[in-house]
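Both of the next two complexes hold chain A, though its partner changes from chain B to chain C.
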Partner chain A sequence: MVFRIRRLAMASVAVASATTLVAGCASGSGGSTSGADGNTLTLWTHNAGNSAELDVVKKIIKDFNGSQDKYEVKLQAFPQTDYNSSVVAAASARKLPCLLDVDGPNVANWAWGGYLDPIDVSGSEVPLTDQLESTVGRYKDKLYAFGFYDVSLAFFSRKSVLNAYDIRIPTMDKPWTKAEFDAALAKLKKSGKFDYPLEMGTGGTGEWWSYGYSPQLQSFGGDLIDRGDHKSASGTLDGKNSVEWGKWFSSLAAKGYIAKKSAADPNPDFLAGKSAIHWDGSWNAAKNADKFGDDLAILPPVDFGDGPKIGGASWQWAMSSSCSNKEGAQAWLKFSRQNKYFVDYAKATGTLPATEAASQQVEGYEPGGKFNVLVRFAREYAQVRPVTPAYPYISTEFEKAAKDLLAGADPEEALGQAAKNIDNNLKTNDYYSG
Partner chain B sequence: MLAALDRLRPVRRTRTTSARRRESLTAFGMATPAVALLLVFLVVPVALAFALAFTDARLISPTPARFVGLRNFTRLFDDPVFYKSLRNTVYFAAVVVPLQAGLALVLALLVNAKVRGVNFFRTVYFLPVVTSMVVVSLLWTFLYRQDGLVNRVISTLTFGHFDGPDWLGDPATAMPAVILMSVWQGVGFHMVIWLAGLQTIPAELYEAADLDGATRWDRFRHVTWPCLRETRTFVLVTITIAAFSLFTQIRVMTQGGPLDSTTTVVHQAVHTGYDQQQTAYAAAISLIFFVLVLAVSLIQRFLTRERD
Partner chain C sequence: MAAFLKRLGGQGARIVLALVFVLPLVFMVVSSFKPDDQIFGDLDSLRAFLPLGDVSLDNYTGVFERVPAARFLLNSVLISTITVVLGIIVNSLAAFALSRMRWPGRKLVLTAVIATLIVPFETFALPLVWWVNQLPLLRANGFQLEWTTGWMDTYQVQILPFVANAFSIFFFHQYFRSIPKELDEAAIVDGAGWFTIYRRIVMPLSAPAVATVAILTFLPAWNSYLWPLMVVQSEELRPVMVGISYFFQLNVGWGQIMAYSSMITVPILALFVAFQRAFVSSIASTGVKG
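Coming up: the complex of A and B.
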């Protein structure tokens, strides 16, 4: 009996100390490098669950591993919703992989935070200068990431619907003006055929709000932050033009032109004819064309005064700063920059190829193709989200302000509070100088 | 170390000290895993949060955290959303605590009856409790939509004379909608607690009351209620703490909107700390939350103390 009790006590102590030991190690300093075991490099991607894109990543890795004997890249895929938090957690534990992908607007934040190291891709098959500017992730004049594709925003509609209500079909030479657009929405609403004539995807969450609606803010002449020195939002985000945007955006919901909260995936509603005009990303272009054929109209954004605008920058590839085998990581990045992979990505994901050469080889996106107009939008209208480490914060504040506007908040107050919060954040972070 | 202690053990001892020693050793051994886990996962994080609240720590940052004194707190008391969070949290707790405790007691009394099929009702009332809150929240988000089931039912019952609002999209109805759902989800758990309390009441007391000619209300007022004293305190404290930490429903259903009508202290802490990367600011919010819950618990403890 005595023996048994003593053994129990000792076992408990052993378990307990083992637990603390393990916990202590995990939170301790650990190694300063990670992500590679000799010449075996780990690669993280956000593509789990998106098999089309994941297959391209797998193919590049297979080709790379087969093309030489020195390095081996190993893939780890995460679901998109958990990806960013996984990276942040890994970075705090100094366990980042060598290679990882990063959403365009986050590049500055991760570069500033020391997650990423500058990369050098000179001498690769596709030169950087061939790429759409929005697919190149630079921070403080250094290259940190590059993407194989970008996405574009557009109004999707049906020619038959627009013609039926005598609404002019806009072109890139002559996009809709604000007055024209408002009149068209009023007409469509009055017809009674559509509960909500315009579908803006207000059921989306997270980055969609900034990606989808801040270009409209910029077309009004407003912006998220003063892009001169990236040191203040007051006077810009709550300036006269921005408030005008706020009034307009809020009026869309007040007048019943858009749903305050649409379905999480609004595309089926558009395909079913529930909405007449859909503000959406190019990723749904093929689906829309399949359904409507020649009736589908891909329309340029409205010119609210400062020219039509769409957002730029999608997922890009980068190298972590803690990578223990940077030569290997650079080799993979350079290897991946082959024209055929630019083509593969665009074909698999229905996105816009980052280079002109690749566009020519993707059906529909070649000059004269039915989706080529999307490539031209990206070339002429794309404006990247502010390149500052403060961007993730700015984005959450803009999202909140936009949601409040739809719920009926006073535009001056909502945007004023957002601007004030952003200024505060910039100040308490020493303007992200570190 | 223990082995060394064993060797040092005096050869002769009285039986009682050796038994006591063994006992305390057992106690020590059994408590160790729990104490270690509590230390690692509760005490250390709480201490860290307290320390972080006075720094400028960020989730992503190239520079180490610096001590900034009370800056986070002065910012917090200047933040209009924080006051709305506080107000909403208190509002939620003030409605949910009596509502959920009362409803749970009524249900417990009902399912305590000795009739056939009572187990079926116990199971039905308890079912939402064992369902994940995230799943429940998602389902109710659909029910609450403008064209959702709730509004269909309202419309049918009133023969189409009344159309329900967009429950979660209207600042006036969002919080009541969340409250209703939360009570529905949580009431089964406290029903079981009340039920356990009810079943500890000796049947003789009821028999005696019957002999005295007590009415049903008298029996409840003078037998059931006083005998549920301990249970009452437990139910009150657990619902209060759960109500104050309202988060999951908000995160899934409204994200604090519309117009901050459903933001709560814990939701704000997670949002600022994680979504907005302001670790230290979130730690300051957590610190205030800790003080708030501690104060309320102490007051409750004082009010429900044993009066000698």
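Coming up: the complex of A and C.
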């Protein structure tokens, strides 16, 4: 009897343990290459659910597969929200596809992490030199990625609203100064006509915080890190100019000019007239124009002292280092660099074409077009986020500090802590050398 | 009079509490029939909870155009159901061994099982990805079966790591302890073995515990998001929760999100309503709150 008890007991617990450990106890090793089965290459994109952009990717794949009979590219689309998690998990399992898209600011990190290999697109229809610099992903002087489009940031407002409150409509020749902007917000707040005079999208998450607000920090003369050697944030992120930005940013919430946390998608509030001015991306330009027509004002960023600034770099295409068919991957990348695809992407997504030639062919973005000003912002004001493998960490720390500022934290302390954390991370990772 | 007022106050508090829980669901379902403009327009009034205005099934049509919703639903039903069935068998067997049998080290094993409850999944998710990618896999290649390595992008990688569950073992263990051991002894006298006792006596008397474990296993399996995102690349293998992030792209369709959310909430509600009575009674009898 004792034997039977033991046997069943051990068997029962063993079944549970085995099932728990089933993900862990077998031996073997994953392959060192992936992403292709012979000449069939896998391609990942962040566009699941975004049919506009996904359709262009599908079209390029279809055209490529039809243009030759050596290689075949197969698509796997992921939702954008956690696309990076999927890539990081696949990289740890050595299961990356051959071709994948990557958000511009992450190129350096993924290249440093060994996820990506340098690419060579010489001889393709559109030369690299024709592209907006922010659409080219380089790290340590090597080309790792390129994009078909960029996005631009702008203040969106209504001419009728600005005129009603006697607020000057700024131009690229004469953008708003800090004093003018603050005075405009005070007037709009005093009117009591808006839930908040300014919509900054503070309900956004992740990269939006660095993309949306670090250009304003830079316009104050501050920055996320010392770009000289990318080895320290102390003295820069918590320097005098950055602290000034912190005080101003914090005051926006304290004075009730912006919501401490706006809606996840604040554009409907702007369209409904709940806010007077909206700091937003070019991706909503067409929607705003549809609603307000000629009354829509697309305004340049404020010059806080160091010139108007916006962020640069959007999604780009790259090749994984573990790709088992790099020749095929390079062939697809080169094939895709045709002017018509630069045009298709911009038309489908409402983004800024990466080349001047494509801009001429996209309605609204051609010289004199109603959205051409966004292209000019990108050309004249765009500053890429620091090109360092530490960027994802820097971005996370900046997001935390900026959220603390809106919650009322002391700017010197919040930015000082972020700078200290970034420096520690750099030191821990041996300044991302290698 | 005082008793009446007390009862009235109690009823009022219950109604308020019920509204707090029900209104978000009502808002979700009602909004699923409205266009985005109207959803935001109605937010300032009670109309947000009423199916008034431009009401249609457009959002539901849109969901099926934007996402392979039927496939995702089918996958989630399959993954959650198998996880629940295997989970009930495996965890109840383990709990039976730990609670009804006397063998050296069982207290230590139980302690070790309970100790794993404090480790959050996120802390070992990435190492787990690495491990599952080392496992041998028998795969069909045409008419031949061949051994390969790595469970990535399969159904089993979404099921098997979640079958054995420390909370379920502990829950069954607590419930089994409330069943008189005299029943075991009587059965043994009649010649029953341990497996017969487990199958014929303990499990039939543990229906409330089974129902509770079924619900508590089904919920996380149904809500699974991070894990499938990391280990599943093919769209045809994805579960419903990954599907919801398809809508958070440049053009967020709030009405479609509400429609999709309504569709994926219905099975959960149905399950809870079906097992509600057993759920409450087993929670009360074990003194365990999930």
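The criterion applied here is as follows: the second predicted complex is superposed on the first by the 405 of 434 C-alpha atoms of A that agree within 3 Å, B and C clash if a C-alpha of one lies under 4 Å from a C-alpha of the other, contacts with A are read in each partner's own complex, and residues count from 1 in each chain.
The definition used in the following text is that a residue touches a chain if its C-beta (ideal position, glycine included) is under 8 Å from a C-beta of that chain, and two chains touch if they have at least 3 such contacts.
Remember, predicted model here, so these are calculated numbers, not experimental data.
In the superposition on chain A, A:S160 contacts neither chain B nor chain C. After overlaying the two complexes on the shared chain, residue contacts for A:P392 are found with chain B alone; chain C is out of touch. The larger set of touched chain A residues comes from C, when the choice is between chain B and chain C. In the superposed pair of complexes, A:S67 makes contact with neither chain B nor chain C. In the superposition on chain A, A:S191 makes contact with neither chain B nor chain C. When the two complexes are overlaid on their common chain A, residue A:T171 makes contact with neither chain B nor chain C. Looking at chain A, you'll find residues 5-6, 8-13, 15-16, 19-20, 23, 85, 88 touch chain B in one structure and chain C in the other. Residues 36-37, 40-41, 66-67, 86, 90-91, 93-94, 96-98, 101-103, 106, 109, 125-126, 128-136, 149-152, 157, 160-161, 163-164, 169, 188, 193-195, 225-226, 229-231, 233-235, 242, 245-252, 254 of chain C touch chain A in their complex. Contacts from chain B toward chain A in the complex involve residues 2, 6, 22, 25-26, 28-30, 32-33, 35-37, 39-40, 56, 58-63, 71, 75, 80, 166, 168-169, 171, 255, 257-260, 271, 274-278. The part of chain A that touches chain B in the complex is made up of residues 2, 5-6, 8-13, 15-16, 19-20, 23, 85, 88, 91, 109-110, 112-115, 205, 260-261, 389, 392-393, 396, 400, 403-404, 406-409, 417, 424-425, 428-429, 434. Residues 1, 4-6, 8-13, 15-17, 19-20, 22-24, 26-31, 42, 44, 47-53, 76-82, 85-86, 88-90, 92-95, 97, 264-265, 268-269, 272, 283, 349-350 of chain A are the ones that touch chain C when the two sit in their complex.
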